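Lettered A, B, C and D in written order, each chain numbered from 1.
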């Protein structure tokens, strides 16, 4: 089965090549996908650790089992809303 | 409930005018502006990008949740994307309510929650280079992948 | 610090535009509107009157105190007098600040304090007669004459 | 000595005639002025009890001694700021 990986913000700047469709085994979860991406070395571990994951535009936990066609977005800490923090 | 991502200037006056109806006694507005500096470094401009489909979904959920949670009548959330100059509005939140307490609390809750959960990112251009903002640590209910 | 009593429509957009400077990151606005009803009775219009010299003095003190107390950069307070129709703005408070927390808190404090201490009175015209609003009980530090 | 009494809002509606310059004795305070006005019967006692007093546009206590030329305003509970309470 295949899922589509999307990266945003600082993560895409450092790892744009990691975007796109990837083959997974049936039953693989979010954590499995991340482990394999981390193994390839394209995504800095510290950035991954601070990031959240969304599956089909909803935040998802690491244990979430992926399905064929899912869109998996890896989201570094967000910074919308202005400059007034 | 008007929820939008836009690439042109946000017309605060039009949004304010639009949202009011006779039953409202109070409107609270939050206008987030591009500052001329970040921790003392002079900002030239900002670039905002979003995971647009998800950001819109999240913003819509925020507006709906604010209405239920605080009992306000209407909420508008508009965020701008692309390049913004100093002094321009990056986000405008407008809350209309019969009562002012609820209007203030809902408005504050929407901007606080948006800043932690809506997938939008800001790159700051300084005279000596551009950097992505650090961003807000995700709340615990949004489980980080490294945890 | 713009503090005014006016008899014409309050131009919220102009006030918002005017107040922003580059160092601001946040503007919080409170827009108090004439509601179409009071406890279910349909309002036709309102008439506001003030002890003008004192009201202006008090509003100026409020604006100055808000800047000191909350560390915001600027505060504008404009209140309208005379006859107002449903949906019109009776009071507009605009607070500009580097930080949003201070902007919200100052804005809320200004409207809460204004409603209890600034000498302005509202007469409500209903279909079946006109009555003065009950008004807010004075805070203890403003000693009531009967106490 | 003389002070100028001003009334506002609902108080003026019921007692406009009580406005204007009034003679007081040297040393009279806000409370003395109010007592004499109450004595004349023009001002309803319940409205006076809920009201505040300002001398020369500043809130003043009952014990405040009045001076020749003072402007004394009797202020019923205020209701500015909108309809959103």
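Just so we're on the same page, a contact is a pair of C-beta atoms (placed from the backbone, for glycine too) under 8 Å apart; a residue touches a chain by one contact, two chains touch by 3 or more.
All figures in this text were calculated on a predicted structure; none of them were measured in a lab.
Peer 1: Can you tell me the least number of steps between subunit A and subunit D, where a step is a move to a chain it touches?
Peer 2: Between subunit A and subunit D, the shortest chain-hopping route counts 2.
Peer 1: Which integer distance in Å separates the CA centroid of subunit B from that of subunit D?
Peer 2: The separation of the two C-alpha centroids amounts to 48 Å.
Peer 1: Report, in whole Å, the distance between the mean C-alpha point of subunit A and the mean C-alpha point of subunit B.
Peer 2: Distance between chain centres, rounded to whole Å: 24 Å.
Peer 1: For subunit B, write out the residues touching at least two other chains, lowest number first.
Peer 2: Subunit B, residues with two or more chain partners: 25-26, 32-33, 35, 98, 100, 103, 111.
Peer 1: Would you mind listing the residues of subunit D that make contact with two or more other chains?
Peer 2: Residues 82-85.
Peer 1: So what shape is it, when you link every pair of chains that touch: line, ring, star, complete or other?
Peer 2: Topology of the interface graph: other, matching no listed pattern.
Peer 1: Hey, which chains are touching each other here?
Peer 2: The set of touching chain pairs is A-B, A-C, B-C, B-D, C-D.
Peer 1: Considering the complex alone, what residue numbers of subunit D touch subunit B?
Peer 2: Checking each residue of subunit D against subunit B gives 82-85.
Peer 1: Okay, in this complex, where on subunit D does subunit C touch?
Peer 2: Residues 6, 8-10, 13, 30-31, 34, 45, 48-54, 57-59, 61-62, 73-85 of subunit D touch subunit C in their complex.
Peer 1: Contact residues on subunit C for subunit A in the complex?
Peer 2: Going by the criterion above, the answer is residues 25-26, 97-100, 103.
Peer 1: Give every residue of subunit C touching subunit D within the complex, in rising order.
Peer 2: On the subunit C side, the touching residues are 32-35, 38, 43, 46, 48-51, 53-55, 57, 79, 90-91, 111, 114-123, 132-138, 142-147.
Peer 1: Along subunit B, where are the residues that touch subunit C in the complex?
Peer 2: Of all residues in subunit B, those touching subunit C are 12-13, 16, 20-33, 35-37, 86-87, 98, 100, 103-104, 107-108, 111.
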